[in-house]
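Listed below are the structures to be examined.
Here subunit A shows up in two complexes: once beside subunit B, once beside subunit C.
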Partner chain A sequence: MMKISRQERMGLGLVAPSFFFLLVFFIIPAILLFVCSFWMAQAFRLIPAFTFDNYARALSNTGFYFLTWNALKNGLCTAVLTVVLSFPAAYFIVYRTRGNLLFYLILVSWFSSYLVRIYAWRVILGSNGLINTTLMQLGLIDQPLEMLLFSPFATIVTLTHIMLPFGLLLLVSALRDVKKEYVEAARDLGASQTEVLTRVILPMCYKGVVGAFMFTFVISAGDFVTPQLLGGRDGMTTGILIANQFRTAGNWPFGAAMAFLLLAAFLVVYLGFVRLLDLLRLAPGRRFHD
Partner chain B sequence: MLRFYVWLYVAFLYAPIAIITLFSFHSSASLTFPFEGVSLRWYAKIFSDTTFLNSLTNSLIVGASTAAVTTVLGSLTALGLARLKGRIQTVFGLLAFGPVALPGLFLGIALVMLFSQVGLQRSLVTVTIAHVLFTLPFFIEAVRSRIEYFDLSLEEAARDLGATPLQSFRLVTLPIIGPTIGGAAILSFALSFDEFIITVFVSGNETTLPLTIWSMMRRAVSPDINAASVISLGLSIGLILIGGLLVWYQRRLALSARAKDLET
Partner chain C sequence: MSTPNIVELYGVTKAFGALTVLHDIDLGIREGEILTLLGPSGCGKTTLMRIIAGFEATTHGRVTIKGSDVSYLPPDKRPVNMVFQRYALFPHLDVFDNVAFGLRLKKWPKERVREAVQHMLHLVQLDDYGSRWIHELSGGQAQRVALARALVNAPSVLLLDEPLAALDLKIRHHMLAELKRIHQETGTTFIYVTHDQDEATILSDRIVLMNKGCIEQIGTPEEMYAHPGSLFCARFLGETNILSGAVSATDSEATFVNVGPGTAKVPANGTAVLLGQSVSLAIRPEALQVARIGAGEAAPEGVNALEGVVDDVVFMGSRVVYSIRTPIETIKYQETRSLDGSMLARGERVRASWRPEAAVLLTR
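The block that comes next holds the complex of A and B.
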């Protein structure tokens, strides 16, 4: 038996309430959901069973693949855009500014309610929306551009807008670990701007970039509200299908099975992304610093 | 170049919010330019809507309860984590971060499954439970970095000088980490106030503000949504600003006090 110090015993006592809360409202529900994905539903009632029917039903349906592809596509486009657009801003904040005013200004926009932002994009992109009416008044188009709203484009623009501040937060905290001195040393030793970026900064903040990418990806690929309100018929995703099982249609075990299949798809994307960075030699081969 | 890009980035973030705010004061129902005139009619309309007012009250109640519970749980956890080492700390840190690493959809359906299996009626209580689950990871993350720098030997010194554990907490620990905890509590409130994805599954008959905005959006595009949105935006952004200023002011006070100590 390992000896536990007084400090540690007190530490365990202090984290116990949260542990209990997370056990009851996070771990147990997740296990329950997994167990339920093997149950059956009859006339909106759950019947405990052990069947793979729910998984088989999802996997034998071509629609399921199509919707999952849509979800992954939303997630990937949003994650790429968020990281690519936020990285220069994070770089600027960490290396070119002294105060935190700009950083806070961006973070505050994160608290502009999620639904309000979806609504705002609907007003902007709609066929009577700001972009279309302005373009028509300027005489650049005669017909409103219908594809702006109710399309995957609208979903991705909105999700990117929602995710940018959070992505930036993660990237800034990752870049703060890469000390200015390393960057200066590399420049002094004759590295170009690009070399500093790809051979010093990126390998050192690798974890943060992967973290920002995956967070954005998971949250936007699993989002069902934005595609439902802005995605149109072609923009339907697995998330909407799962949400509907738990609201109207009512086959909970089927919904649970699809949720776990979606999580499995997320895991595949994660492994693929890490492999890709490895192949591009952007991942660190060894530890550079503590 | 880069500076220009960053300001463009900020403009992109704020433009939709600015547009909604502008049109919430529009005197006509049109949501397009040219802007015809300023009026408060949409605010008058929304403030006479009892559904809206009820859901606003509910959101404030849920936000305050969430912030209270999260602050207690989160502060204890952050203080506990500072005392733990090695694997236990890593494992618990990961567990505590789990709820935000998954899509809200997943948390929503898992919770609604739990509530239905144990027979707990969906109400503002279940909404609060869900919100605590969602805000706790953010709270712990926000407070943790500050507490990691907290020197445990300060507490020990107080204990050696005869303070009880409670006294050393109240007189030594709390004044140091207090402002951070206050800021994180406000953060929890704001996150709860805006939460929609999980809430949609776990709420019963009583609605919160985002649920009301959602049902307004599904009905028709009516300009009073603009007013409702701006009220919602104003409350959460205003709160965050107040919280931020509070933390900043406290830190400045502490710094100037320390500078004075050094002088004497």
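The block that comes next holds the complex of A and C.
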């Protein structure tokens, strides 16, 4: 008989609910969807089969590439901007402030809904919006800048605004692990402030940086509401294409195939990002000798 | 002084807001010595060390290292290295890379780095631990890595902030011996912070005793033990009996102090005292002589003696420590355990006396 120690039992007990949740609401649907991506659809009916047609159809469609490129571009720009903007803020909060007031103030922006913020940006970026009127009153432009709204720019600005608190939260908790002592030890051993950043702080909060980057990337690259409302005609992303297959076209297998292709693209980005950090020697590990 | 000072502090004062934690500290650290900053918690030892390392700026005063003023140099530009209390070894690097950290910043060529690191790991007896991760080390091993990581940079001064505080007693004694050996092999100047008087006496060439942000006394462990300059010092280093009383007579040879029913005579040691001034006498427990007073026998009056009753007997291995209740103070008496096992028992009446030279006259 296999014996399970008390501690193991407790561990299992703690993991079980979230595992069960994931199993029912993520793993099983994902497997079903994956299986479905090899089926066929005819007149709103699913026909079990094993065909790569859906994948081939997506990959031979230039529109799919264009929209996926848009999605990846939105995701990458948002992720880079979010990490780059929230890192200094997180650094300031962790090392330069005592309390958490500033942190909470930033998190308060979460309290407004996602859609409200999208519309707020519409107001700010619109032709009669804050930016255009200010620029015009300053005499810097004669005509409202049309490209502000309904452009990838608008999408990225809005997504960054939405993602910033997430990025900040992840980076702050990662930086909190890098105790001041490590920074001082590095300084003591002769590291300049930049060297402390690249040799100690970034490698030590590697997981937080990768986490913040990927989290913002996946959510904003997969988002199709913001691009739809702010991105303009050329700003659409794969997400809308996929959603249409499920909602209006009724071609689940094709939608599933595109979803998995997008997932594959995300994986490539993830591997690329991790590799990049590795090359920049910002990853932890045995890096220098042997 | 014969040996030149490698670090000098001139009037160093440090305030955090309204709280002044260091008051006008003047101190010279001699090349090659082990100097201990000793004092109770919160007296400013760490702050003083951090000022030398460059992590805190002075509010007033200057710091020089090897004759040049470093008051405004950041920590990475100072020729000192520090061993942190909780080691602060980088968890994302293995032992080798931790030790190599400073040398790589100096852009040493690979081969030299390897040689230097291996030499250091050998010195701290961790030859085969280069590829271990930090979390795979025991407390004592982590301590050695921290030491190697600092020493490999060949600092002019090595700063150690309570490096053994996190270790248990047995390893602590072993590490003290190791530290002494490493000090001898490298010849580096050590500034060592501790609040443990045993560590300080075992390790130091000189002790700087600190109290409330001021230097109370500086001296070798023997000097400090034999000639404490203040009550604080007498109490902080080792066990001591403090008898207080008023000066009854004084001349160029000796001072007489009323202690309880008797009188104590102390040879004059240059401390100026006034008639009637209240002073203290510090007498080490092992400097007493104690004799039984037979039943019915009258207690002999006399100089440098107190009569009392044995209150408590504590065995400390080879030593026995007695508490003796006297009319003024409960005093401690310590003797080496005699071979025939004859000991005083609780409740016995005794007479404790001491030679005049055994008492130290203290006015503060």
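Couple of notes before you dig in:
Here is the rule we use: the second predicted complex is superposed on the first by the 266 of 290 C-alpha atoms of A that agree within 3 Å, B and C clash if a C-alpha of one lies under 4 Å from a C-alpha of the other, contacts with A are read in each partner's own complex, and residues count from 1 in each chain.
Definition applied: a contact is a pair of C-beta atoms (placed from the backbone, for glycine too) under 8 Å apart; a residue touches a chain by one contact, two chains touch by 3 or more.
Here the structure is a predicted model, which means the values were calculated and not measured.
Legend: residue contacts after superposition of the two complexes on their common chain; A:A191 is shown touching subunit C, with no touch to subunit B. Residue contacts after overlaying the shared chain place A:A120 against subunit B, while subunit C stays out of touching range.
By the touch criterion defined above, A:D223 reaches subunit B but does not reach subunit C. Comparing subunit B with subunit C, the partner in contact with more residues of subunit A is B.
Looking at the shared chain after the overlay, A:F92 reaches subunit B, while subunit C stays out of its contact range. Looking at the shared chain after the overlay, A:N61 reaches neither subunit B nor subunit C.
Shared interface residues of subunit A (contacting subunit B in one complex, subunit C in the other): none.
By the touch rule above, subunit B contacts subunit A in their complex via residues 2-3, 5-6, 9-10, 12-14, 16-17, 19-20, 23, 31-33, 72-74, 76-77, 79-85, 88, 92, 95-96, 98-99, 101-114, 117, 129-130, 132-133, 136, 140, 152, 190, 193-194, 196-197, 200-201, 210, 213-214, 217, 221, 225, 229, 232-233, 236-237, 240-241, 244. Across the complex, subunit A meets subunit B through its residues 7-8, 10-19, 21-22, 25-30, 32-33, 36, 85-86, 88-89, 91-93, 96, 102, 104-106, 108-109, 111-124, 126, 128-130, 133-134, 137, 161, 164-165, 215, 218-219, 221-225, 229, 239, 242-243, 246-247, 252, 255-256, 259, 263.
Residues of subunit A that touch subunit C in their complex: 179, 181-182, 184-192, 195, 199-200, 203-204, 206, 284-290.
The touching residues of subunit C, counted against subunit A in their complex, run 53-55, 74-76, 80-82, 84, 86, 88-94, 96-97, 100-102, 104-106, 110, 114, 130-131, 149-150, 153.
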